[in-house]
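Okay, so chain A shows up in both of these, paired with chain B first and chain C after.
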Partner chain A sequence: MSRLYLARNPRVAARSLDGEMMIMSGRDSTLFTLNKTATILWQSADGTTPLDQIVGQRICSEFEVEAAEALQDAETLARELASHEILQISEEPIPPSKATGASR
Partner chain B sequence: MRGLLEEMTEKALKRNVPLSVQLDLTYRCNERCVHCYLDHNDHGEMTTAEIKHLLDEMAEAGVFILTLSGGEIFLRKDFFEILEYARRELTFCVKLKTNAILIRESEAARIRELGVESVQISIYSHRPEVHDAITLVPGSLHRSLDAVRFLKSQGLRVVLANVLMVQNAQDYRGVRELADELGVECTLDPTITPMMDGDRSILSLNVDQGALREVFRDQSLVGDVDEFCAIPAPADESLLGSLPCSAGHTSCYVSPYGEVFPCVQFPLPTGNVRQQHFLDIWRHSDQMNEVRAIRMKDLTTCTSCTHVSGCSRCPGLAFMEGNMRGPSSQDCEKSFAKTGVPSANMLAKKRVAANLVQIRALPAMSGATA
Partner chain C sequence: MPELAAEIERLSLVIEIGGMPVRVNTTDPGFLGILQGRYSGFVGASESAEVDFDVELNPPNFSDPDAPVRVTHHLGRWSLQRGDFLAQWDPKARTGRIRQSANPYSIDAVLRIVHTLVLARQGGFLLHSASAIRNGKAFLFAGVSGAGKTTISRLAPPDATLLTDEISYVRKSRVRQGESGYTAFGTPFTGELAKLGENVSAPIAALYLLAQGPENRIDPVAPAEAARSLLANVLFFAEDEELVQSTFHSAFEFVSRVPVSRLTFVPDSRVWELIG
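Right after this comes the complex of A and B.
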C-alpha cells in the first residue's frame, strides 16, 4: 500500500482562535473551521511526514482508536480537505517550497 | 443561518482577540487625491524588521485578517518581502488597498502566487477627465484599469472602491457599469472624512443632500428602496446594550509609525508598537478600554434619536467632532437623506442656532414721534 503525504496549501490563510483552526480557502475565500482531527492533520501536514505516521503518533494516542480504522478515516478526511484545496496530498514527499510555513 | 465569519467574530469578541487589523505601510503616495485625509510626508516609517516583528506579534495575538494599505503600498521597496512574510510565514488572510498604478503583469502574478484574498482599487469615475482631476495624476485611470485587468487575468478578487464627492457625484453608475464589464466587484462610499490631524476643510467636498437622496433611492445599490429608506424601529433594550462598532473590539488600525488606533477613522492614540507589545496595547491601553466600555445606551443625543436603531453612526467621526459618545453629523445627514426625518442632533443644532439669532420685536413705543 502506498504512503500518503500531506502539505498545507500555501494559498490558504489560517489562524487558531481559542483552539479552533480557521481556514480561508485561497480558491474562493470560503471560510472553514476544522474539527480536532482535521486540525491535527493541518498542523502535521509538513510534506514529509507520511499520513500513517501522523495517525500513529498523533491521532491514535489522542482518540484511542484502532490504527487501521483511524488511517482509513484520516485518509477520507485528508482527501476531503484536498478537495477544498486546504491540503495538498501526494504519494511522494512534497517539497517545502510548495508548502506554507507554520501556522499559529 | 449565521455566517461562519460572524460566528468567529463573536468568539473573538468574547476572547478579546483582535481578529482584523488594518496596517498602513506608508503614508507616501504617487497620487494627490483632493479628498485624501493623510499627510504624505514620511515622518519615520517602520523599517522592514520592525514591521516583521509587529506581524509576529499580531499573529501571536490572533489577528487573522490583515489589510495592508496606505498611502500607496507599492511605494515601499520592501512591499513584496513584507507580503511574503505575512502570507508564507504567518498565514494571514491578506487584503490589499491600492491605487494599483504600479501593478503590471509581473506584480499581479506575484500577488496571485502569494495568495492574497482581495485587492481593493480606488476608482473615482469611468471618465479619465474626472478620475484624473481627483487624483491629480494624468493617465491614472488608464493605469489603474490596466492593473485591474492584470489582476483579474490572474483570477484574483478585485474590488473597485468608489468614494463619492462633489466632483464625481454623477459618475457612480458609470463606475458600476465599468465594474460589471471588468467582472469585478464595486463599493460606493458617500463619506469624505476629516484629515487625521483634525483639519475639516476637505469636508466641503462631501456631496449634498440631493445627491445622497438619489444614491439612497437607487434600487441597484440599496435593493428594496422602501425598506432601506424606512424610519427605523424604536430601539429596544437589546440594541441599547449593544456595541456601537467593531473598532477596538475585534479590530484596530496601525499607522506606518507604529501608532495603534481603534480604527483608521478613529484617531485616538492608544499606544505605539515601537514602545510596547501590540497585545499589551490591545488588552491594557486605557484609551482602548474606554472605547470598549461604550454601549449604545451611553451615547449622548443619539439614544433619544429616531434613527438610533438604523443609523450608520461612526464613533471615529464623532470623536473627530469632539465627543466619541456624541453624534457623527455626517451620519445624521445620511439618516436624514434616507428618511426625510431630521436626527436629534440636527434638531438640537437647529434649536441652538435659533437661540443665537433670535430676533424679538421691540416693544411698541407709544407716543413716539419721528
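Right after this comes the complex of A and C.
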C-alpha cells in the first residue's frame, strides 16, 4: 500500500483561535472550521511526513484508537479536505516550496 | 468659422464616503441630479479624487440587478460586472469607467464594491450591520437580514447619531502611538429604514451580534465565534485570493481589538439603556 503525503494549500488563509482552526478558501471565500482530527492533519501537513506517521504519532495517542482504523478514517478525511482544496495530497513527498500555508 | 461639433459639457460630482473621495463624471444633467439627491450629505469638495469614474449611460433595458456580481482582477485592472452595470477600474491610474442606465442603484453597487476593495488592502471592511455614535463612541449591530438592524436603528434615542441601518464602514486607524484601533464612518448605504447615515465618524467601542429575545441582555461571545460571525457579515465580492486572505486576517485582528458581544433585545427603546 502506497504512503500518502499531505501539504497545506498555500491558497487558503488559516487561523487558530481558542483551539479552533478556521480556514478560508481563497478561491470562493468559503469558511471552514476544522474538527480536532482535521486540525491535527492541517498542523502536521508539512509535505514530508507520511500520513501513517502522523496517525501513529499524533492521532492514535490523542484519541486511543486502533492504528489501522485511524489511518483509514484519516485518509478519508484528508481526501475530503483535499476536495475542498484545503490540503494537497500526493503519493510522493510534496516539495516545501508548494507546502507553505498562509496560516498565522 | 463656427465649430463643426459642439463640445459636450462634462459634469462632475465628488462622493466622499469613509474619507475616500470618488469623482463621478457624466454628461447627463438628469443623472447628475439623481446622484446629488442620492448622496446628499456625502458630496465632497475635494479636488483630488481617489478614483475618477466616467459614467456612460445606456438605455434602461440594460438592466438585471438580480444577476450575480462578478469582480475580477486582471493585469492591474478590476472588472466589476452585474446584469445592470459593467465597470472597469485601474487603481494605479485612479481612473475607471461605468456603463449603466440612469439609475442610482447600479452606481451604488459599484461604489460599495470599490470601497470593499480599497478597504481590504488597508485592514478594513464593509459590514452588514447598523451603526451609531453615542457619547463619542461608535457601536456596531451586526446580523443577517431580519436580525434587527433596522429595528435597533429605529429605536435609537435622540442623542445617538445613526451612521447606517444596513452597511457599516470600518476603517483601521491609529488610536495611540503604535496602537491600532478601528473607526466607523457614516454611509449612504441604506436598508429598510431608507435614511442616509450621518457623514461623521468615531472610534469603534463594541460590536454587538444581534438576536431578538424575551429580554434585553448582553452576553459575551467566544473569540472564535466572534470571528466566524464577523466573517459571515463582511461584504466581499472579489474573486481574488490575496484580498480574501487579507480580509480573513483583518477580521481576526478586529476581534482581537474590539469587544464583541451578543445583544439580545425585545423591540423597544429600553435596549439603548445598555448601549453607550
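Convention: the second predicted complex is superposed on the first by the 100 of 104 C-alpha atoms of A that agree within 3 Å, B and C clash if a C-alpha of one lies under 4 Å from a C-alpha of the other, contacts with A are read in each partner's own complex, and residues count from 1 in each chain.
In this text, a residue touches a chain if its C-beta (ideal position, glycine included) is under 8 Å from a C-beta of that chain, and two chains touch if they have at least 3 such contacts.
Small disclaimer: the values here were computed from a predicted structure and weren't measured.
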Would you check which partner chain A:Leu17 touches, where first means chain B only, second means chain C only, and both and neither mean what they say? both
Tell me which partner A:Thr33 touches in the superposition: chain B (first), chain C (second), both or neither. both
In the overlay, answer first, second, both or neither for which of chain B and chain C A:Ala68 touches. neither
Would you please give the residues of chain A that touch chain B in one complex and also touch chain C in the other complex? 11-13, 15, 17-18, 20, 22, 24, 26, 29, 31, 33, 102, 104
In their shared complex, chain A is touched by residues of chain C numbered 222-224, 227-228, 231-232, 236, 239, 241-242, 244-245, 248-249, 252
Write out the stretch or stretches of chain B touching chain A in their complex. 3-5, 8, 11-12, 15, 17, 19, 59-60, 62-64, 87-94, 115, 117-118, 157
Touching residues on chain A, where the partner in the complex is chain B: 10-18, 20, 22, 24, 26, 29, 31-33, 100-104
Touching residues of chain A toward chain C in the complex: what are they? 11-13, 15, 17-20, 22, 24-29, 31, 33, 102, 104
